[in-house]
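One chain, chain A, links the two complexes that follow: it is found with chain B in the first and with chain C in the second.
Now for the complex of A and B:
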């Protein structure tokens, strides 16, 4: 035993010493990567210089010179500055980021809600519900997202049953003349909020309210941990925020007002409210439903992955079906579902770049237009890649934090 | 309940091998180390850790030295220029025996694909002109269909030798995009088309309307400039190609379609001949759009080869030569004799002396090319007529 150990530990010459070779290997690998990268980069710069193409980022402060679709006077920074064709290129980028975010955000919400419903329905004991969910999954999972987007963009919203803008269907709030919903084949209108006064006080009060609400959340959590009284912290939190919103609104002198959508006099536009153009709706709905089919499968798989004994134990405790899902099965399946769902969210946000097919002004479409109008391609694409990278990293970060919180904690 | 059980298991000190046999672990560690591919398996925490750490430091120091040494060399010598410095594009095309020509495939009259996959159109003919002039074979062309946004990148990257894709010559494109514009083959201007049923006649009628336009085009910029200058509100609806734009326009998602007047003319022709609604093109032309071939900056030899090939079609027109009579010219005009390469007249452009004959015989002179396409406005008396007829087609003398 001792002899074997001694022989093994004796140092061989350095060119055969695994410990030396390992370090040399790493150094060589890094060196090769570095040199190849440097070669490619200097190649790029040399070739750009050869044909006299600028390599600086100065173009960001130059005027955009084109009108962003559905952004006649849209916000660059909410309630601060609006976009117009003379705005600098970086403001165009901000509008693109905002539009990408909106499509991604509502797409993720739609995908999650539909996905959970479909996933649970797939396991339903009701024959019809289960088969319909299966049909849904198989249809949407097996068609490329671009095709679904074009289908919704052209077949549903453009050529669908909806009238042209001038003849919009108007759903009114009962008893008033305000439009609750306006439907046409161009842009749908829903009620929104507009600023009518100075809002600084409102936001300060709101910040205070939020801090108070968080403190109350902590207090309820502590009470629960110490004396076991039900914490109801979500209810408390919402209650405080709602009361706080009302107080902030009144204290700051009502700086906001409801804004109802209505046709302009020439019947060519909708003024007021929040407007969703057809490209946005097609992209969000298509990506939401497409991703939902994947999320549904993840949910189904993760529910099946929870040991059957858990359900049986829940039955033995006389929990009803809802309680069994809510308190026993779902909390355990969520742990399995979260990591693959993160991937689906990332895919959805990256897929918003397909919005360019339906004239939706997200960051890819705007960057391409901007390149076509004479902005340098390399720098513009670097910025675009940085935007998507940031989106993906932020989503990963948030969901990894959630993931860590719901995983089993070893104390 | 289950969670609690698991928790205890996971924290069981015996479960993770802390109490294991020391010799066994040593052997395991060496076995693991044998996987040379695992670069990052450096472990410090065992005996002799101090020594390993110092070796690692030495290694990193050496690495830093190497990096420093190779960062000093300026970097110029590691570069390979993409365009090819020695032979240039002309030599590359001759070696390849084929011309890569960037074209539009979705614009009737200028460039479109037939059902059998063949290309036809005014711009396509000029690809054939260049191929006939340079290679002596009008069919030695590889057509590369490009969107408006891809075209300059494709040219810069050397994917195509020449771009003939209804591209407007502008200062920004000439300078910033690294593009070299050559002889203008078609003088165009931006127009606005509306369904005839609307009765609109001026741009002001379109106040607040949706306007369909292709993205990444000069028309998009010019639409914004003109409408803003006149204080007309509008909302652009942008598409990447005309095949997406047309259904949106026909479904009244936008009330106006703006583009070069020649394109609108060809779409009006196409829509009406396919049974669509009647269309009106407003009489107002609100921009200058000179369209012509473009090559990448930095290769003058190639630029002049393309330029003179294209201009030969206009020169032949001026001389009264066409595909029927150029081969059998028997006159004594010295200019024409030079032009058709008698006695191997060679102005050292880099073209064969009979290039003009090849071009006109295989493709045709300017009006022969132009009149093939019914979608284009009549040539006679238009701005694209010969200078001697009051048009703008005027080429430098070939002598």
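Now for the complex of A and C:
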């Protein structure tokens, strides 16, 4: 098209000019969203003012006015205070975040272990194993997590086969009087670590050790890449961390001691150790098993997705079965499995919000109780949503980092 | 084309056992360890289900589990609803099977029409659940569901009648779909009432249908055709509106539904409402307008980052404040609003997946033909993209169905919450906790399992036809 012809083409009228339409469309969209939002917000403020509900966040420093279940003496990590009904609301929030994290953390571990076992079992050559794994997946995947949580909470852990607290089953470490495991229908106890002295030095030394360990990991990797010497970086890393832990423990003057769970004198309580109340047990086990059924399917799909030619090629190279899986099939299937698995972790963490059904004091349950106790709902819910959003963001961040590392680099 | 069937290796039972249970020492050890475990677990399960389990709590409250506190005088509405839904299902099944057959004939491929029995067979989990219900109802002397056998018999008859839609001549295929939609709407409204405001869904359906089939061929000018189509559509809508205004019989709104009925209906309502919103959000996220794209992305990511329960809390504690003073939304309506807003974000991601999976060439071909962007979207992109996401949408519906159990936490009496009512009865206080829970779990499982099977089948079929 020549210069003159271009000039002769008149611009279309503005209502058909794509450049104008694009701007008009965006302005309209923003305007509509803004107006609806402003309408909702002004209604909110008007209504709250009318019924005299505060719109500030001052309530965070006021007293909580209720006792968190199973939190008679629980620590407000990382602050050295014990929670009680007079503690401010923000300390309650901290306890809630900690409990959400704990349930999510242990749930993720359980889900991963069970999920991998189930996923591999579904592909087993053994008919019985494969069928059992299929049965597991089809049962757990199709029942709402809330039903599973309530089932574990009430039908298993409280009204199930376990004894009452005063008659707890105790599993002792052989040769000593220390309880390795305590089981009753109220809470389970396992050995824990308790702090007996100033620990700041310990954590600082630990941080330094971790940094050193990471540096050594990278150094070993570089050595391997440059001269092909076996790197053994996992061994190196673990070794450095273990030695570092011991050093840190000694340098900081032994600030920790083992703590064993045991019944108190009046047999109404358990002292010491790491105690898991029935709500925590129900939530973690139920969510772990539920999510495991999803992870199992992911693992199975990812192994099936690796092209059969890869196994054949490995066979042609005379790799044995273990080598074939470890060096050929699994690295490729992991690349497929990791993103959806981390998504399942995200779902698990979000599902811990169901803990309120088994009175586990995670952030949702506490927010609900707190609103019931007259704290302003809008601010409480905003804080709760912000907490979940940051959990989600952190997990997606981890997902992105891992994804970038494991994905094939297109050349 | 004739191909011989692959040879079938008939294994003797002993060979089968050796191949599948004792292939190597490792497999053998597993088998030997697992068999006693399975026997013990099976024995315990058998004891629980048939000997020790105290199922009276379920048996005597069967109606409560099904329809909760729904007005017992109005039970006939539920029965009519079930029959109408089954009729719609049958017509849809028949029409679909005929439509598949049409396509196969066009392509010159052999095709055998699927039977009703095959579909019911695929949904065996639901049949099992119905069997359990019938078993409880028949052994209950208090009288659970009114004549449940009669109802099931009528439902089967209606299903078979509806399936006859496959006999419709080919040009009436769309009429089959229209009938399906009609009976779905009628089935919904037989409970919720045919009052003045209820004309909208049916009016929209028939209005769009009238717009599409209006006989406007003899008008020359394009604009005149559009006007005449609009006139036809408006006329049809007006007629439907008038009919509703004349009938004007209020029913029972969803505030008064409960039990399994509420669970099923709430999830269906939420997914239907969430679909258009999700479609808009997906298009918004794929839009080339930065402002629209950013707003859609923000909405989707924020909603996907928080659990459903926080949105339900928002619905319970905040939504009321966000509307002008005096508007009074019921708890169920607020919950439906929260579930809709939540699901829309997930639907958007599903639809976006479908849009992204569509090859660029499709859009470019449309552009090469000089079609306007909306036409390309309507006629080329969306039909293909939406067809590809059907299995994922079924999956989303399953997860919404499971998530509807969260209404338990905000004290709405859905299927799971009925248990709490049962355990407040003097006879069942703190007994039969496991039994009622297992019953509820089987109920959820039956529906979710049937739907997941169906979605897997759809997925396989789509992959084959592509």
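FYI, the second predicted complex is superposed on the first by the 396 of 411 C-alpha atoms of A that agree within 3 Å, B and C clash if a C-alpha of one lies under 4 Å from a C-alpha of the other, contacts with A are read in each partner's own complex, and residues count from 1 in each chain.
Here is the rule we go by: a contact is a pair of C-beta atoms (placed from the backbone, for glycine too) under 8 Å apart; a residue touches a chain by one contact, two chains touch by 3 or more.
Quick caveat: nothing in here was measured; it's all calculated off a predicted structure.
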Which of chain B and chain C A:176 touches, first, second, both or neither: neither
Which superposed partner A:226 touches (first chain B, second chain C, both, neither): neither
Chain B versus chain C as contact partner of A:50, first or second or both or neither: both
Which of chain B and chain C A:154 touches, first, second, both or neither: both
Touched partner set for A:356, first chain B, second chain C, both or neither: both
First, second, both or neither for A:30, with chain B first and chain C second: both
Chain B versus chain C as contact partner of A:269, first or second or both or neither: first
Overlapping contact positions on chain A, where the chain C interface meets the chain B interface: 22, 25-27, 29-30, 43, 46-47, 50, 154, 159, 356-357, 368, 371, 377
Touching residues (chain side chain A, partner chain B) in the complex: 1, 5, 8, 18-27, 29-31, 34-35, 38-39, 42-43, 46-47, 50-54, 65-70, 72, 85, 154, 158-159, 164-165, 185-186, 264, 266, 268-269, 278, 310, 313, 356-357, 359, 361, 365, 368-369, 371-374, 376-377, 408-411
Of chain A, residues touching chain C in the complex: 22, 25-27, 29-30, 33, 40-41, 43-44, 46-48, 50, 124-129, 132, 138-139, 141-148, 150-151, 154-155, 159, 350-351, 353-354, 356-357, 364, 367-368, 371, 377-378, 381, 384-385, 388-389, 392-393
Chain C residues touching chain A - in the complex, by the definition given at the top: 20-21, 23, 27, 30-31, 34-35, 38, 288-292, 295, 302, 304-307, 309-310, 313-314, 317-318, 320-325, 398, 402-403, 405-406, 408-409, 416, 430, 433-434, 437-438, 440-441, 444-445, 448-449, 452
Chain A-facing residues of chain B, complex: 1-3, 6-7, 10-11, 23, 26-27, 30, 33-34, 36, 39-42, 52, 55-56, 59, 62-63, 66-67, 70, 75-76, 78-83, 148-149, 152-153, 156, 170, 172-173, 175-178, 207-210, 215-217, 220-221, 223-225, 227-228, 233-240, 244, 247-248, 251-253, 255, 296-298
